[in-house]
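Each of the two complexes below includes subunit A, the first together with subunit B, the second together with subunit C.
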Partner chain A sequence: MVTLPPYATTGQRIWFYAFRVICGLIFFFLIAPIVVIMPLSFNAENFFTFTPEMLSFDPDGYSLKHYRDFFGTSDWQQALRNSVSIAPVATLLSVSFGTLAAIGLSSEHVPFRRAIMAVLISPMIVPLIISAAGMYFFYSRIGLQGTYFGVVLAHAALGIPFVIITVTATLVGFDRSLTRASASLGADPVRTFFKVQMPLILPGVISGALFAFITSFDEVVVVLFVGSAGQKTLPWQMFIGLREQISPTILAVATMLVIISIALLTTVEILRRRSERLRGMSPG
Partner chain B sequence: MLDQGATDAFVEFERVQKSYDGETLVVKDLNLSMPKGEFLTMLGPSGSGKTTCLMMLAGFETATHGEIKLDGKPINNIPPHKRGIGMVFQNYALFPHMTVAENLAFPLEVRGMGASEREGKVKRALDMVQMGAFGGRRPAQLSGGQQQRIALARALVFEPELVLMDEPLGALDKQLREHMQFEITRLAHDLGITTVYVTHDQTEALTMSDRVAVFDDGRIQQLAPPDELYEAPQNSFVAQFIGENNTLEGVVKELSGGIATIKLDGSEALIEAKAVNVEKAGDRTRVSIRPERVETNPDRLQDDAHTLDAEVLEFIYMGDIFRTRLKVAGNENFIVKTRNAPDVARMTPGQTVKIGWLPEDCRALDA
Partner chain C sequence: MSDATAATHQETDAQGRLLAADGTPLKRSLARALRRQKLRALALIAPLLIFILVTFIAPIADMLFRSVENEIVADTLPRTVVALKEWEYASGEAPGEPVYAALARDMTIAAEYKEHTRLGSRLNYETTGISSLFRKSGRGVEDIGEFYQDQFEDLNEAWEEPETWARIFGSDAWLDAQAEEGAEATFSLRDGVAEAFPNTAEIYAAFAEFAQTEDEDNPFEEDPWPLAYAMLYEDLSGGAGVQGYSGPEADLLQEAAAAVGGFESQSYKAAFIDIDDDWADIEVWGTIKAYSPRFTSGYFLNSVDLQLTPEGIERQDEDQRIYGLLFKRTMFMSLVITISCILLAYPVAFLLANLPMRISNLLMILVLLPFWTSLLVRTSAWKVLLQQQGVINDVLVWIGLVDDANRLIMINNQFGTIVAMTHILLPFMILPMYSVMQTIPPSYVRAAKSLGATNWTAFWRVYFPQSVPGIGAGSILVFILAIGYYITPALVGGTTGTFISNRIAYHISSSLNWGLGAALGAILLAAVLILYWAYDKIVGIDNVKLG
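After this line comes the complex of A and B, so read on.
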């Protein structure tokens, strides 16, 4: 805990406290909208506001009806199934291609590395609506529009930049002489990749995978363009829920998604720390 | 050790050239032949091409021209992992995610060796470098010297016939370095391994090697045993690079019977030197004399020896020796080392003395 030194001037004292207030406000601004939906999702009424019963903590003001609605409606269940079947496959593709691309682009003899890198991470920079429209026209031509595989590919393309960036960052700290050492000890390039390089860049790969997964799981614009009714994902269903039904069920879904996200982040962070300890970077 | 017959050459470089950009040659026309069991050091300043040569031998770089042979067979088209050459890297390159024992077992596992046999070999290798108790540690938990030993053990555990070492002791402190120098040479000789060792530290090269290849400008300037390198340098680069050396520049006046008579720049005096790298009278030359071969006592010189007048600039008492800096024929950095003996006079700055040497201790080299 930082404390004020005894020689602090009045100005420094004021700034010391003002700084903490500002930080608190920023934190509040970021967290409040997410926190507020959690109690609202237990609303007994079909409203998006706190009812008087809720505010007086009357148990009758709370219910699980929106959760029941989510688990009982085939639309929501289909959306959940779609999301769960699209995101992992898209993540797998992003991680495989992104990791290979990052490794390739970090070796010095590849020509036009910067240009290639810029193209690969462009989906992150180009406005989503433009990527989505472009993908729509392109995928229609080659018969991928409105197919499961089309959505998976589109999401994989969106996830690749995250994987490339996180893996490239880990590769900066990767000692190239390790792959040479492995070769000198008789290991062929494939073995070297799986036994030496992969375990060491794993923290970056895991972080990238998490980002790619969340990207696919959260994504609504591209799936609206590239997907058809058969690929309606959770965010798409939430979007419809807001626009057409105005049902607090989406609050229940949102709450569950927040909890899943936190659980996922925690798990991944634990995994990442573990593998970082294994690669001998931090004292174990 | 000096037998260079083509039949028993274990490692051979034949007219090898290397260029990274297709324009400048980093290695120019390299020829080298090593018998089995030799400890050869490639010594040279950075950028002289020595590390590139090592990397070509290991297979991490390809020769632009020429052929590299191992045990009589060309290896240009064999990838590094099939060459079976052990290598110790400058930064050790231990796998940080594996324990010491796993690091050592890696090359054995790759070769499909069974678990029990592996264990025995790993244990023997660890004992060999006195690290038997450290098998379960991770590299990050070891000191630099310990990591160095493990790197050495890992390069030897699969019993390669050839081991390459790329400045393996560069990161260690002086005392540890000297100890490891001794240990590496002992292991190499005990196991009968052929070793190519790269360093820029000449003391290391002189104390460890059977032969030293001095690199400069992409060429081997001289390839000789340490004593020959120090006492009979073939050109002024080697004379200057190995050990301490005094250089005087001048012009050859006369050349007869392997002895050159030289008129020094900045002086009217004539001196005699062994003609090593001069062709005819009129050539410019650099004369090289080792500081300990300079004689300051005229009584000990031959009667007809040429002597020079020198002004004492600095006198340093170093215990076992005296180190005197003189001004000789315009050169203000002429160093003389004399043994601290009862009959040797201590010189004082400002004093003028006569110095001389035996013609065979003084070598006339290229300008």
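After this line comes the complex of A and C, so read on.
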């Protein structure tokens, strides 16, 4: 299927190329919506489609006005500040709790391992609207609803499964004799952790952190319920913009978010390969 | 514990058990080491487990609790609920005087605390009209007391003075304290007054508490609720122990006790029916009675289009049966989305698994980029693309497939939701399929072909069965994610493309029928957990891979 043998019949040839065309179309379906919004965000008009000027590559058809709008509107700037102040703290919480727990879970002698795992992964599986509703009820009872701290806790809970999954995956290939060697050479457990184990699982921890960060940074349902106007994040502002009056500023924001995603994706991929190389799992 | 060190110690004890280096039996020593390891692992997990239990599991439990909790009726109308126990809806008649008398007390207190409107809107979910009935009654309930108030005040002007009441019902200690501290002094009832005038004392104490806690006023200076006069009339005409009472204003009470026989009286029942005819309606009373227990199945019944009525469980009226439809639609659309994801993901995963590593890694980026892109970005992209004045319609018009006047409506309906969600969830299907297909050895297909199978037979009989676990893992994952989706249906679904999640959000943030929202959530959660359990059995949660 990878290459066409010289003896292939006409039918096989047609199928071979048809299959690639089908796959190409599916890739197009995956990527086109994301790519299309980028040029549209430079539209000089308040339209959501390509103007004739844009199609003829007339410089007058393009402008940065939607970007200026984003940087000049206090609503958007406040939302950006909120997002930036919530996501890192939530990430820090998920990563520190999550990494410790993942190390604990990787030990062979954990009782109820499956059940614990199921509980820890559940924030990823339970529909967001249910988590949001439950948190809204419960956080109102304990006075966390509508506070910065409440949103941070909620987002940290949502990010934990990602940290657990990535860190446990890195620990699967972890050679336990290294920690034993370190211990036999006189290092205490804390030193062993920071000098031997941590550097080796660091790529997994960082990928987990990036996942947790993007989860919090993109999250809208929970923050809609747990937050109040003071915690309005970027996705929240986009959600309002999309539901009420859809303004092309959203496309500018979307383009910037795609760029951030590309940066994060690249980092995660580099880390993954590095980690696999460190553990000798992949020839790459 | 090498052989050399072990050899220097005694290796077995008197019973012939193996010994560790320090002389303890080896078995016990091992068990201790194992226990220590277990504890260490648990100590590492514990902080996170507690964190998740508090920030995530407790909220879910709270939601489940709210789906059956129904304390508002019993808390707001405690006396009425007790009095209603005697009454049967099947009797076909409105309840008797004691129930209305209890209602007068409850309604007065609730109206003062402004809780009657909340209860009204709660019961209005079950029987429409109760909300306005309660609002009206909250305003009108004062008339019942004023009817007697006027007669008492005609009898003796002293009844107009708040001090009269305070002196009769307040304890001496409180009367002294309030003279010094004013509203700060906590009210207490006079000894014996509760036995002499039980009804009046109860209401006056409730009034005093309200005045102090809610208004921060001194009951000594505030007019009591008009209902207190009605209560006093009841106590005095019931032959209460005026004779046994010897506190302040005893003469005034003696005079009133002698006069009440000549007072005009009014039944509570008539008074309430005078406020609103609906108080004679047994449907209203049936609803109050049906929802008086502290826990109710009513919300769950509502969420499956049933209704808890006074006669028992009934089907919801034809025009209000929406949840069955919504659940079915959610299931159906999630299924359509899952199937389209399978159809689109299979060829791509197959291609990625069979291309050389370098090219497939490159192509993988096309799959991972959408996966990493913000959900709102992708949803806004589809909103922009699918609009009537959007890019897709423009292209179709330009090609000539669609007439400019009849641009396709692709958004705010089921089609829009399905397209956008298929796009959003596609990576979740491709990734598990890809990781399964990667492990299928190509030699099997080659062997099949060398044995004479056609390309199709080799694929269908050899390759496909081995890729089924990938399809299963991906399908469950996509289905679980799809049935709980909220944002995308809310933005591109319009009215026909919304999911059950949108209804839950509506009940929590707009209609404020939290119980119903929680019950719908509980049902959705149950469905997801069953699928999660199946996923764990088939794939194992440890094997979830990200990117």
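Here is the rule we go by: the second predicted complex is superposed on the first by the 258 of 284 C-alpha atoms of A that agree within 3 Å, B and C clash if a C-alpha of one lies under 4 Å from a C-alpha of the other, contacts with A are read in each partner's own complex, and residues count from 1 in each chain.
The rule is simple: a contact is a pair of C-beta atoms (placed from the backbone, for glycine too) under 8 Å apart; a residue touches a chain by one contact, two chains touch by 3 or more.
Note that the coordinates shown come from a computational prediction; the quantities given were computed from them, not determined experimentally.
*Asks:* Where does A:I165 make contact in the superposed view: on subunit B (first), on subunit C (second), on both, or on neither?
*Replies:* second
*Asks:* Could you tell me if A:F29 is touching subunit B, subunit C, both of them or neither one (first, second, both, neither)?
*Replies:* After superposing on A, A:F29 lies in contact with subunit C but is clear of subunit B.
*Asks:* I want to verify the contact counts: of subunit B and subunit C, which reaches more residues of subunit A?
*Replies:* C
*Asks:* Going by the contact rule set out at the top, does A:F239 touch subunit B (first), subunit C (second), both, or neither?
*Replies:* Only subunit C; A:F239 stays clear of subunit B.
*Asks:* In the superposed arrangement, which partner chain does A:I214 touch: subunit B (first), subunit C (second), both, or neither?
*Replies:* second
*Asks:* Looking at the overlay, does A:P6 come into contact with subunit B only (first), subunit C only (second), both, or neither?
*Replies:* neither
*Asks:* Tell me which partner A:P52 touches in the superposition: subunit B (first), subunit C (second), both or neither.
*Replies:* The answer is neither, since A:P52 touches no partner chain.
*Asks:* Considering each complex separately, which residues of subunit A are in contact with subunit B in the first and with subunit C in the second?
*Replies:* Touching subunit B and subunit C on subunit A: residues 284.
*Asks:* Write out the stretch or stretches of subunit A touching subunit C in their complex.
*Replies:* It is residues 1-2, 12, 15, 19-20, 22-23, 26-27, 29-31, 33-34, 36-37, 40, 47-50, 93, 97-98, 100-101, 103-105, 107, 109-111, 114, 116-123, 125-139, 141, 153-154, 156-157, 160, 162, 165-166, 168-169, 207, 211, 214, 217-218, 220-221, 224-225, 235, 238-239, 242-243, 246, 250-251, 254, 257-258, 261-262, 264-265, 268-269, 272, 284 of subunit A that touch subunit C.
*Asks:* In the complex formed with subunit A, which residues of subunit C make contact?
*Replies:* Those residues of subunit C that touch subunit A are 34, 37-38, 40-45, 47-49, 51-53, 55-63, 66, 344, 347-348, 350-351, 354-357, 363, 365-370, 372-385, 387, 389-391, 394, 423, 426-427, 455, 480, 483-487, 490-491, 501, 504-505, 508-509, 514, 517-518, 521, 524-525, 528, 532, 536, 541-542, 544-547.
*Asks:* Tell me, which parts of subunit A touch subunit B in their complex?
*Replies:* 175, 177-178, 180-189, 191-192, 195-196, 199-200, 278-281, 283-284
*Asks:* Of all residues in subunit B, which touch subunit A in the complex?
*Replies:* Residue list for subunit B touching subunit A: 58-60, 79-82, 84-87, 89-91, 93-97, 106-107, 110-111, 138-141, 154-155, 158, 164.
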